[in-house]
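First chain A sits with chain B, and in the next complex the same chain sits with chain C.
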Partner chain A sequence: MKRSSVFGVVLLFLTLVLCSGFHAWAADPIKIAIVGPMQFTQGEGHWNGATMAAEEINKAGGISVKGTKRTIELIKVDSNEFLSIPDATNAMELAISKHKADFVMGGFRTEAVLVMQDIAMDNKKIFLGCGAAHPELCERVTKDYDRYKYWFRITPINSKHLVAVDFILLDMVAKAITKELDIPKLKVAIVAEKAAWADPMVKIAEGKLPQMGMEVVGVWRPSPTATDTTAELSAIQRAGAHIIFTTFSSSVGIPLAKQAGELKIPAAVAGINVESQKDGFWKATGGKGDYGLTVNTYARVKITDKTIPFFDKYLERYKEAPNYNAGTYDGLYLLKTAVEKAETLEADKLVPVLEKTEVTETAGKLVFTKDHDVTWGPGFVTAIGTQWQDGKNLCVWPNGWQGVKYEGTVEYKVPPVMVEHYKKKK
Partner chain B sequence: MGIIWFHIRKAFTLFRSEVLVLPSRVAVLVFVVALLVLPVFTQDPYLLRVLIFTSVFAIFAASWDLLSGFTGQMNFGHALFFGVAAYTSGLINVHFKVPYFLSIPVGAFAGVLTGLIVGIPCLRLRGTYLALTTLAFPIILMGLVFSFPDVTGGELGVMGLETLARSRIHVYYASVISMLVLTSIMWKITDSNTGILFHAIREDELAVRAGGINTTRYKLLAFCLSGFFAGIAGGLYAHIMRTVGPSTLEVSLSFQVIIWSIFGGIASIYGPVAGVFILFPLAEVLRAFPKYRMLIFAILVLLTLIFMPQGLIPWIRDKIEKECPRCKVRSIATRKTCRICAASLD
Partner chain C sequence: MIQEIIINGLINGSIYALLAIGFSLIFGVARLVNIAHTALYMTAAYFILIGLDYWGMSAPLAALLAIVITTMLGLICYQLVIKPIREHEGAVLIATIALAMAIQEIFLIGFGGHYLGVPPAATGYLFLAGVKVAKQHLLALGVSVLALVGTWALLLKTRIGLGIRCTAQDREVANLMGINVNREIMMALGISVAMAAVAGVIVAPLRVIDPHMWMEPLIMMLAIVVLGGLGSIKGSFIASYILGFTEALVVFALPMGAFLKVTVALSIMILALLIRPEGLFGVVFEEER
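And now, the complex of A and B:
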C-alpha cells in the first residue's frame, strides 16, 4: 500500500472516531420534567408553555453553567391526576428516579400536588408549581423550611389573592353600573358551582357584599357540570339582580353565560369563570356570553414587554390563547436566570439564589415571598380581569388600580341589554 | 431432634407431592419468592413504589372478592371501606398521635363497623338495587367530608400522617408481607366451612336458608370481613401516601377494584390479586403511549373478558391443569390419568 493511501485510511479512521465521540464532548442537557394532566387542557398548557421557552433558550445556546452552555431537555410526564392520585405519585417518581430529571415543574389538582410535593422534597428536587393555587402548598415551606424549601410557586397567584382580585373586579363593575345607570343600591346574585373550593367564596361574598354597599338577593349553587341553568337564571331575574357574581371552574360556566344572554337578563355577569378564559368560549356560547367578565392571567395586553410577543407566538402556534398553566414558560426562564447566577444545578445551592432572584417575565415581575409564593400586587404579578367584547377577550383590569394600567387595557362596558332595560324603565 | 427431623421430612414430602405437581402452585411459589427477593436485585424507587401500591390494591381487590365474588353481594361502592379506614387512620394519627401500628387496625375496625352499617340496610336487597345502594354510600360520605372541612380537611384532606417506614425497602416489605399474609388469610376463610356457605349463598340463598342456616348472619359476616381487609388496605395506603383525601372515596376507585377482580377471575381470591398485579403495572408500562394509554388498557381488558369470561387466571389454569371427573383433584394437563385416583383424564 502506498504511503499516501495509508495516511488517508488513518485520517479517515481518526475522523470517524472523532465524529462518533462528538456527543461525549457536548455537555449533558439539563433535564426538566413537566408533570401535568397531559390529556387535559391544563396539562397541554404546562407542556406548550415549557416547549416554547425551551426551544427559545436552546436556540440561544442553552443555559450557561460554570461557563458551559447546556441545552434543556424536556420530559413530558402525564400525571393523570384528575383520575388517579397514585398515578400522579408514580408519575412524579418516574420523572425523578427513571428520567433523572434535574428539576420538576407543573401540577394542577391540589390533593395530587401535595403528594407529588412530598416525593420531590424526599428527593431534594426543586419543584416549580404551575397550576395549584391553594395556600397550603406554600405554608408548608414556612412550617418546615428544611424539608419544603425546594418548592416554589410560579403560577397562579394563591387563592387568597384570587379572591381579593375577584372582589376588586366586582367593585369595578358595581361602580361602572352605578355611574351609567344611577342605581342607588345594587342587588347581587351569588352563583357558585356546587364544589368544595367554592364554599368559602360564597361565605366571604355573603359577608363582604353588604359591607361594599350591595344587597345579596340570593345564593344559587348549580352542579359544576349542569347543562341547563334556566331555573336559576329565572329566579335571579325575578329577584331583580343587577350583578350575577360567578364562581365557576367547570363547564357550568358555559350554559350559564349562554342562557343569560339568550334570556336577555338585564344583569352584568362577573367573577371567576374559568371557561370564559378560553378562546372556545365565544363559539361555545354562540356569542351569547358577550360582556361576561372573569379573573384571568393572560390577554393581549402589555403586562411586561414579554407578554404580547409570548401571547402572539402562543396563539399562532397552538391556535388558542395561553391559559395560566402556560406559566411554565416563565418558570423555565426564571430557572435559567437562577442557574446562571448560582452556576450550579445543585438544589441546596440554588434555593437561596431562587429566593433572591427577581425577573420580569410574561405575567409580571416574579419575586418570591418568604414562603416561596409568587408575590401579588402592584409592580409584581397582579393577575388581570378580562371581558368579552364583540368576540374578543379584552383586558379591562387593572385600569389605574393602585397606579397599575397595562398598555392595551380597555374600559369595562356595562352590558347593552342592561343599559337598554334600565334606561327604558326610567 | 427426631421430631424436628420428622416434621422437616413431612413438609418436604408435602411440598414435593402437593406444590411441585401443579403448575399453578409452582407459579404462586415463584411469585411469592420473586416478590420477597426482588430488593436484593434492584432497589429502583419507582419499581418499588409501583409494587407497594400494587400490593395495597391487591388486598383491597381480594377483600371485594371475599364479599361480592363469594356471596354474590354485588358491592359497587367498595371504596367506602377503604376511605373510611384511611380517614380514621389518618385522623387519629394526626390529631391523637396514635402510631401507625395501632391506627391501621383501628381504621380496619372502622371498616368492620362500616360493613355492619352498610350490610344491615342492604340485607333485603339484591342485584341492581343492592349495587346502586352500595354505590350511594361513598358518595354520601364524600358529601360529609366536604360538609365538615374543619375535621376532614375538606378538599385537601388530612395531611402530615406518620410514614409507614423511613426507607422505601421497609415500606415495600411491610406492604408485600401484609398482602401475602392477608390474602392467605382471606383464601383460608373462603376454603373453610364459612367460605363454602358464602359460596352457597351466592348460588342459591333460598336453598341455604331452607337448610336451616341463618344466611343474614353470614351475609353480615361477609360485609364485616370484607370491610376489615379493605380497611387495612385503606390504612396502609394512608400511611404510605402520608395524606388522605376525597380521592379515597371516589366512584372510580370502586369501579377499578371491580375491573381488577373480574379481569383476574372472581370467587378465587388469587384471581383479583393476579388481576391487580397484571393491570396496575401494565398501566405504568402503557405510559410509553400516553395518548392511547387508557384506550389500549380498555381494549385489553375488554378482549380478556370477551374471550375469557371467567377471568384470566381461571382460563390459564384450565389450560395447564385438568380436574379429575371422579375425585375433583387437579393434575397437570399433560397427565393422562389422575395423580390421586388414577382415573382417566381424557
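And now, the complex of A and C:
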C-alpha cells in the first residue's frame, strides 16, 4: 500500500472517530410532542407558538438539566381531532410510543383531549393542555390525583371563568349602550350554537340577564356548522333585540356576523365567538363583522412585558395574530423554568415543581391551582375582551376592572349602525 | 312573520333546487347516484375564491371560470372514475363517495381547515314586503331562478334536451333509435355539474367556504330527491321548496330548536315516504321492475 493511501485511511478513520465522538458528547435533545389538529388554525397556533419558543430557547443554548445544556426537539403530531376522536387517540399513542416524547403539549377539542389525557396519564407523561377549556380536565386531578397529576392546563382559562368574563363583557356593552343611546331596558337575544359546552351557558344567561336588568327576547340555537343564519337574524330583529349575545366556538360565528353586518341589524354582537378571535375573521366576513366583541387571549396590549414582543414577532413571521392555542409558547418557557429548577426530566419529580412554579409569560402570570388549572383573576391570567374596530381586533377589556388595565387598551365602541338607528328613531 | 318565512323559504328552496335538480337529472338519465355532486359545488366555491383572491379577477369572470373549471373537472372525473363502472350502481355510489372525500382532502391540504369567504357581488339590503333582504340573497335568488328556467328550456325546448329526455325515459330504446346514449349522458352530466357549480358560485359570498361545506347540503339534497321521487326533476323542484320553507318555519316557530331544521326536513321526508314510498313524483318501484 502506498504511503499516501495509508495516510488517507488513517485520516478517514480519525474523522469517523471524531464525528462519532462528537455525537456522543452532545446531550440528547428533549423531545416535546406538539399534538393538535395541524390542518386547522388551532393546530397551526399550537405549532407556531411552540416553534417560536423552541427556536429562542435553543438559540440561547437550550434547557439546562443538571448543568448540561439540552436543546428542544419538537415533534409535530396531527391529532385530526376535529374530524375523528380515534385519530386523536392514535396521535397521542404515536407521540409517546413511537416518537418517545418526553413531554406532550396541545389538544383542542375537549372530547379528544379527555381521551388523549388518559393515554398520557397511563404513560406518566406530563401533558400541558393548550386549547381545551372544559373543567372536567382539571377536576380529574382532584378526583384521582395520583393518576392525573401529570396534567396541567396552560390555556385557555377554565370555561367557568370564561363565563364570568363573558358576563362582565356583556355588562360593559350594556352600560355603553345605555350611556350613549339612553335605552331604559335592554333586550337581549341569546344565540348559542347547539353544542354541549354551550347548554349551561344558555341556562345561566337566561337566569342572569333579568338579574342584570335586561330582558331576554328569545334563545336561538343554530347548528354549530350552520352556513346561513338569515332566518335567525330576521327573527332577532323582529324581536327588537339591542344585543345579540353569542356563544360560538364553530364556523356558525362567521355567517352570523357577516349576515348581521350585511343586513345592518341594529344590535351589538357580543359574547364568545372563537372565529372572531382570528385575523382571518375580517376577510371571511368581508369586513361585515366589524364591532363584534369576543372573549379572547391575545391582542397587541401589554398584558406583561413579554406580550407585545411575542405578538409582533408572531405577526411578522406568520402574518396573523396568535390565537390562544399559541399558548404553547408560554408552555415551553414554563417547562424550561421547571426542568431547570427540578434538574430532571422525570415526571414524578417535575410535577411538584410545576405545582409551585410561578412564571410571568405572554398571557399573564402563570400559577397553577390545586387541580392544575391556570389561575384566573387580577394579577394572574385574566383573558381579555377584543372588539373589531375598522379592521383591527383591539383589546377593550379589562379597562379598569378590579384595577386592571393593560397598556394599549381602547374604549368599547357601540356599533355606529346601532347609534344611527336609535338616534334616528328619536 | 309570514313574509319572513316566505322570503327565506324562497331563497333556501331555490338554492336547494339548483343542487337537487342537477342530481336528479343525472340519476334520471344514467341512474348515477353521484355523491360527489355537492363536492363539485364546493369546488366551484373554492374556484371563485381563487379567481378573486389569487388571480385578481373580476367577480363575473371568476364566477364564469369557476363554473367552467368545475364542469370540466366533473366530466374528467366521470370519464376516469365513473364511466368504467357505470353499470354497477353500488360501485358508482362508493366511487363517488371516495371522489368527494378526495376533493375534500385536496382542499384541506391546499387551504387548510380555515373558514374562508368571498365578498358579495351586491352589498347592502332592500326591504321586500317589509322584510330586510340582503341584495346578495336577492341576486342568488335571481340567478337560481334564471338557471332553473334555463335548464327547463334546455330540456324541454331543444333537441339536446329531447335526446337527454329520451335517454332518461328508456336508455335501450333510445340507443336502438340511433341516439348516442353516451353523448347524452355526458351532456346531462355536464348540465348537472354546471348547475352544482352555479349553486357553489352564488352561495360562496353568502356562506363560509371550508373543506367540509359539501356535507350539509348533501344531506338536504338527498332528502329532497328522495322526497320528490328519485329521478323526477319536477319532484325535486317542488320538494326543494317544501324543505326550504320548512327550514325557515322551524327557525321562526321554534327558535330554541333552530338546529333542528335539517332534522325536521328529514322527518318530513320519512313521513312522506311512509305514505308514498316512491316519493311525491317518483316512479312506483314495482312498475320500474
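Note that the second predicted complex is superposed on the first by the 408 of 426 C-alpha atoms of A that agree within 3 Å, B and C clash if a C-alpha of one lies under 4 Å from a C-alpha of the other, contacts with A are read in each partner's own complex, and residues count from 1 in each chain.
By our rule, a residue touches a chain if its C-beta (ideal position, glycine included) is under 8 Å from a C-beta of that chain, and two chains touch if they have at least 3 such contacts.
None of the values given here were measured: they were computed from a predicted structure.
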Partner chain in contact with A:237 - chain B first, chain C second, else both or neither: second
First, second, both or neither for A:223, with chain B first and chain C second: second
Touched partner set for A:115, first chain B, second chain C, both or neither: first
Contact breadth on chain A, by residue count: chain C or chain B: C
Chain A positions touched by chain B in one structure and by chain C in the second: 39
Partner chain C, residues of chain A touching it in the complex: 37, 39-41, 44, 82, 193-194, 218-223, 225-228, 230-232, 234-235, 237-238, 251, 254-255, 258-259, 262-264, 275, 280, 283-286
Residues of chain B touching chain A in the complex: 44-46, 49-50, 53, 146, 149, 154-157, 159, 241-243, 245-247, 252, 283-284, 287, 290-291, 293-294
Touching residues on chain C, where the partner in the complex is chain A: 1, 4-5, 8, 11-12, 108-109, 112-120, 123-125, 131-132, 134, 136-137, 203, 205-208, 210, 212-213, 216, 247-248, 251-252, 255-259, 261-262
Parts of chain A lying in touch with chain B, wherever the complex brings them together: 38-39, 76, 78, 83-87, 89-91, 93-94, 97-98, 110-111, 114-115, 118, 134, 136, 196-197, 199
